[in-house]
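These notes open a run of structures that come right after.
What follows is a pair of complexes built around chain A, which joins chain B in one and chain C in the other.
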Partner chain A sequence: MSLGTSVDSAETLVGETSTTREYASGGLVVLSFLAFAVGLLGLFQYLPVDTSVAGLPVATLLGGSLTLVGAGTVALGVGSYTGALDSEPSHTGGLVSAGFLGLIWFVVGGLVGAQTLGLSTAWPVVALLTGLAGTGVALLAREDLGVTVSAGSFVLLSGVVVLSGLVGPGWSWDPESFSIVLTGLVGVPVIALFAGLVGAWTAARVYGGFGAQGRQTGAYVLVGTNAAGMLALLAAVVGFIVVRGFAPMTEGIRYGLFWGPVTWFNPPLLDSWVIVEGPIVWFYWPFVMEGYGLNTPIDGILPAIVGTVWLVVGAVAFAVPLGVGAAVFLTEYAEQGRFTFLVEISTNGLWSTPSIVYGLFGLAFLVPRLGNTPSLLSGQLVLGFMLLPLVVITSRESLKSVPDEYRDASAALGVSRWETIKSVVLPAAMPGVVTGVILGVGRIAGETAPILLVTTSSPFPSEVTNVIQGGFRFTGSFPFVAVPTVDLVQTSSALPYQLFAVIGAGLGENLDFAWGTALVLLLVVLCLYAVGIASRLYFRRKLNA
Partner chain B sequence: MSESTQTRDDAQHGDEQTTTPATSDPSAYEDASAGTTAGETDEQLREEWTQYAFEGEPKLSVEDLDVFYGDDHAIQSVSMDIPRNSVTALIGPSGCGKSTFLRSLNRMNDRIKSARVEGSVELDGQEIYQDGVDLVELRKRVGMVFQAPNPFPKSIRDNVSYGPRKHGEIRTGLVPRLLGRDDSGAEDDLVERSLRQAALYDEVKDRLDDNALGLSGGQQQRLCIARCLAVDPEVILMDEPASALDPIATSKIEDLIEDLAEDYTVVVVTHNMQQAARISDQTAVFLTGGELVEYDDTDKIFENPESQRVEDYITGKFG
Partner chain C sequence: MSVATRFEGLDTRSRVVGGVGSVLLALTVLSFVLAPGLTGSLALAFAAFVAVSVLVDEEHTVGFLLFVTTTSTVVILAFITVYLLVNAVPVVREMGLYLLYGSDPFWDTSANVYSLVPMVWGTVVTTLIATLVAAPLGVAGAVFISEIAPDWAREIVKPAVEMLAGIPSIVYGFIGFTIINQFMQQELSLPTFGSLFVTGFVVGIMALPTVVSVAEDAIASVPDPMRDGAQALGATDWQTTTSVTLPAAFSGISAAVLLGVGRAVGETMAATVILGNVTKLPDPLVDVFGNTITLTSLIASQYGNASGLHFSALFAAGVFLFVTVMALSVGSQLIERRMRRTLGGDA
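Then we have the complex of A and B:
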């Protein structure tokens, strides 16, 4: 094993390949991790604890594994203490570990005291006593005994509670003075998650043979399990939306490939048309290619998608040049003092201002001045105002992190400050600036409140807001070209607003349209991210290639 | 374009470079801030120790130069004439103000907010500390190479052509190409010539478009020298150019400095006394408190110094 500790460091530099302790504790780590994973699946109802796997209810399996892990770690600890197993324990489990275990036992004691024993006001006494016992054992006994007994008996207790059905699938808990009811479908997975984490950590410490190596292994497993849990949580949230939104989103997709006229033209001096035929791919996706109306087979959300894209494009076009310019001035030109400090405070404050406040400002100030109607332009400006502080903050940070050596080197070559900023400082800061814009776009693309106030009229438009009207074309009269007109003073829908409207429209249990919209919103934001990440990679490669 | 209204807060950075150098012996530094370096004897400075006679007009002429960082008096009334087409070494213990002195020769101290300069520095008889001095022109004529190699995160070619390009002497890119004024050929010539002068061309000729940060430390420093040479300066200031490099890279830089002295006036700050003895024609010794103690032929300084303190310093009794 790569983690192989030197079992007898006094005599051998390279530890034996593995020992009984490593086999046993390694198995317990895996078992704990499995309990953690099953708990996570159970919590998100992918594998509810009242289902059966291989003839046994999931709850029983969880309880059994936790019991095994708890009993096993205690046994290994005792084995190490009596000298039956090789290890290198410290004389104490460590203050942090002991405090942490004390906290766990405090909670256990509190719950038992208040709920099981029914003590009304005396439960803190029980909690304090168990907490002190948990801390004391871990702190005062030698590490191998203290940590395994304190942590292992907690895992053992959790396992027994679940295994005996004390907290089983049918269990429900209605805590006084809280208006929630906790059922076994939630309670068992939560216990499994927590006890699994503690069990994995303890078993990993045993695996490392206690001491410094044991703490290292324990921390590694704890952090790793934690990271895996975070990723799983993220995947569960996204999966939740994808599972529910995929069917409504893809409803009615048709496609085909057929032979047909690709282009046709009338050659001069020839009184007939030439038609070129070729294969044509035909693709129809009503949910994202249609509006909401009676004459479409399936109601779609194209107007909202277009609206969201216009809003984000407008906000970025407004905020990024202004924000980067302000950051350049503040970092490269302005005297660092009270003024820049004040600007820093106020940009931080603006970034944390609730979006509905921006929306109200837009409604009261922008809308009356921009056509006196809710419009895309007002929405773009309001979202731009929201994006601006983040662009300033992140751009300032990345400009500050550009080494002064670059500026010195450039100045020593007699290059003016503006040229230096343009050709050395800004390119070096670009990846950071783009990161800031990516973060900001993620926020404003999902913003509902300001859009509700300043941009929308109807939540379910059937037509796309026609921002660019008339194409670029040549005309017969002066000036012989016609440029498209851009009309931003029109109402539009947007994906988050539409989502809000669907949910608020009282469609009851059938939220298919909402899930489909949510999935499309997620995909649109991901596409914007992809553009941002690609440009960041481009700028970074230019610096490091 | 005047940088006297310099506002960017790089005071800290500058102070670090010039007033709090890393001494291997902390107690020496503490003593230095109190007055003298440990082991340094007191003695009166004599004017004639810094009178160095040479033929011809001086390239740089410094008269009663004082530099202050806030209340800190970093350079005390230094006067010295630097002859053209030679190597002048500035040596002295850490914190004695030799880097500060060097930076005041092309007004890089203007970039430090708290720095204040009094006195006179003349380049070819023209005062550089007067109103209306064009800092762009000054720094084109008096180039600088820093202690740590600091190439830009650009290609080797772009690093070398950066100065001329920004000064409008070389035009490449889409617009000049469309206007028929593309100087790509001239750029290639300039890059090759500068890299050859810096003894780097043969090592990088096949990868001129690679990022300069991929070069080794010694190569990066020679690239910085090439970048400095590309703007065709008359004086090159070097602030401990080899202190961050290994012995082989150092010897390459030293050879290079000696070659450069045929066409350029080189002023080099160094910690390394053997290096000063090897490469320089004349040596100025700065000692604690920012005073110029002795300035003479390098051989004279190293073999028969007038000042007891200089002798102590050179023989390694302190510093």
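Then we have the complex of A and C:
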């Protein structure tokens, strides 16, 4: 029993567990979010508002729930004002909330004035009046009455408008200076989305019992919705592309296990071949193993994949030594001064330079000097220029986070500066540098604009760009060995460019091909990002542990 | 300390290494600019010098090499600036201020008339819409991650935002092209394919992660004792956020928004793919659902068949972009610098 008493006393200290106010307003928050969710589904026409659910049109359901939320919040506010519900309101709704509500009412007044009443010149007056009223009520009345009346009646109005069919499935509005026609199929969901959010915010404020606590609850509901929205956005983009692109990407995959010849050779002094047999795994994935427009039933993007690999390899080979070197110099050698300031400014400037500007620069500077043709080499250099600031910034961060004790300990042993950097500082900073490079590569692998100008030519390549020509082989003349030649001055495709090329050529029959390309590109880039982020988390934990 | 006194401070060896190395490297770069045929042999000479020098005196050679790598960003930026400007000169000389306040016809390649008015208007409108999307949502996201979220939620949302930053712009463009554009035509009876509104919205979504992560850094750099002080006075978490943390981080947050605006201004592929790229102003001007072109999509959609003055006009668009974005970047850096100074320390 002593346990029970201690819980009881704790509850009285904090307040009642759940009051009528909390139950009622909590229910309204849930209802508002339901309206919000149905509004989203309706907007994207997954659940058009003219369909019926459980015998009632969706529009009516939305209107009804908004009406309920609006009326409910106003009732709760009045209840709190009269003292029937216990709460801790401040004397005013607060300037920010009042301004926000005023803005909403300004828009409502403007729309009603211009469209419903048909005032051609006087609508700003109506808008201003309603806006002032909305602000005034929220600002001047005590918080519990002001906020709920101002916001609640907006939700109520939206609900009634939808419920009564004033803005219903059959409604349409052709705004004068805009080239769109708004129909009820879009209008009702938009109203539901907006009024749902306002309703949730107001009801959450009631839930928190007004005052500082109420404001916090209200704000947290909005900020939390925003964060959830970002997660949903990521899930939607990735999910959508996976759903649409998976089938075209995996079409025609075949694999099997065979017993067959693994290798064969001709032993000396024997006039026959020795054939070694063994199990062979056979795997064929046409979409990533074939070119476009060959005699294969499925068009593939191998040339684009190989092109992207070459571009990334070249960019990394160019940017990483330069970037890490610069970061080492800035953290270990240079003193803070005009020179480091200049370098910082230009590094950040390069970071924010638009990718198309890099492309223009490559077109004007690199292309004429490197064979006067779009080429892989130009693309590698331009992407290297883009990668450079990312490498400098992230490497510098990770070099800075190496504790000075490491350097001091090394210096105390009489080790020179460069030896210290080489054997102590750089190894300690390596994880951060590698992570930064991976994330940077993820970014440049998806860049289209620069390579569009300096690397690509054929929109649907069937052949892989043959960079390494001839193999390592023995020859008859001096020096008796020939090394393969590496020819980077040729055009090539790349994954993001491939996607752009399909769009440019008209999607039509290539739509599936485009979704498949988008999925491969997304997988490549997001895998790089996932590896980069995960390794950073891993090393950070290890460092903190 | 002037350059001369610094030079005096160096010992003979670094003078030799630095002197010879710099001359060789400068010759290499110069030859690439003027006579690309010579670059190979000069680069080889530089490499040979460095190789010998490392064997003789590793410490000084490495110091010199690191210094050289550090100048690379400055040199690249300088080259970009010079080449953009040089290539833009012909059209500026020909068209003069007509570039900035021309009238219809704005852009006629057959008559060699070029004015950037529709492109600037398109960029301004899309950037405005993008900022309206990215700034409030981005700052709210940053507040969520650094102030509100419990640990488990932070560990989901933060990587998710970074992943969002990783989605290539052409993928966003593709989605805008196939899905949102179609939606606008079907559900909103938009007569043309593509609109400024959709472009601005998509670009705003793309700028969102930049705003979130930079603003989050700014908010996280507000020293904890400031928050503790507010809480000790009995403020709620939200009161602390709005009246202490956000005002203290205000300049950092505005830097984040500026960087986001910079991203939106420079976004190319989404605009190229989603917009109709017509070189006219929308009619009426305020029609955000109208179709026009942005500075970035102008370059991406017309570079292929451009030559002469037309080519130069594209560089004028590039200069306009470059200057705008550079101003935003430098502005946000100055703001951040000020914030770091006022908050003290480099936390």
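Criterion: the second predicted complex is superposed on the first by the 381 of 545 C-alpha atoms of A that agree within 3 Å, B and C clash if a C-alpha of one lies under 4 Å from a C-alpha of the other, contacts with A are read in each partner's own complex, and residues count from 1 in each chain.
We take it that a contact is a pair of C-beta atoms (placed from the backbone, for glycine too) under 8 Å apart; a residue touches a chain by one contact, two chains touch by 3 or more.
Nothing here was measured: the structure is a model prediction, and the numbers come from that model.
By the touch criterion defined above, A:Ala411 reaches chain B but does not reach chain C.
With both structures placed on the common chain, the touch criterion links A:Leu543 to chain B but leaves chain C unconnected.
When the two structures are aligned on the shared chain, A:Thr475 is found in touch with neither chain B nor chain C.
In the superposition on chain A, no contact is made by A:Asn295 with either chain B or chain C. Of the two partner chains, neither chain B nor chain C is touched by A:Ser272. Looking at the shared chain after the overlay, A:Ala428 reaches chain B, while chain C stays out of its contact range. Judged by the number of chain A residues each one touches, C leads among chain B and chain C.
Of the two partner chains placed by the overlay, chain B and chain C both lie in contact with A:Ala334.
For the contact definition in use here, the residues of chain A common to its chain B contact set and its chain C contact set are 333-334, 416-417. Contact residues of chain C toward chain A in the complex are 32-33, 36, 58-59, 62-63, 65-74, 76-77, 79-80, 83-84, 86-87, 137, 140-141, 143-145, 148-149, 153, 156-157, 159-175, 177-179, 183-184, 187-192, 195, 205, 208, 212, 235-239, 242, 259, 262-263, 265-269, 272-273, 284, 286-290, 296, 299-300, 303, 314-315, 318, 321-322, 325-326, 328-330, 333. Chain A makes touch with chain C in their complex at residues 44-45, 177-183, 185-186, 212-213, 215-216, 219-220, 222-224, 226-227, 229-231, 233-234, 237-238, 240-241, 321-326, 328-330, 333-334, 342-361, 363-365, 369-370, 385, 388-389, 392, 416-418, 439, 442-443, 445-449, 452-453, 496, 499-500, 503, 507, 511, 514, 518, 521-522, 525-526, 528-530, 533, 537. In the complex of the two chains, the chain B residues touching chain A come out as 1, 3, 7-10, 13, 106, 108, 111, 135-140, 143-144, 146, 148, 150-153, 162-163, 166-167, 210-211, 213, 224, 227-228, 231. Within the complex, the chain A residues that touch chain B are 331-336, 403-417, 419, 423-424, 427-428, 543-545.
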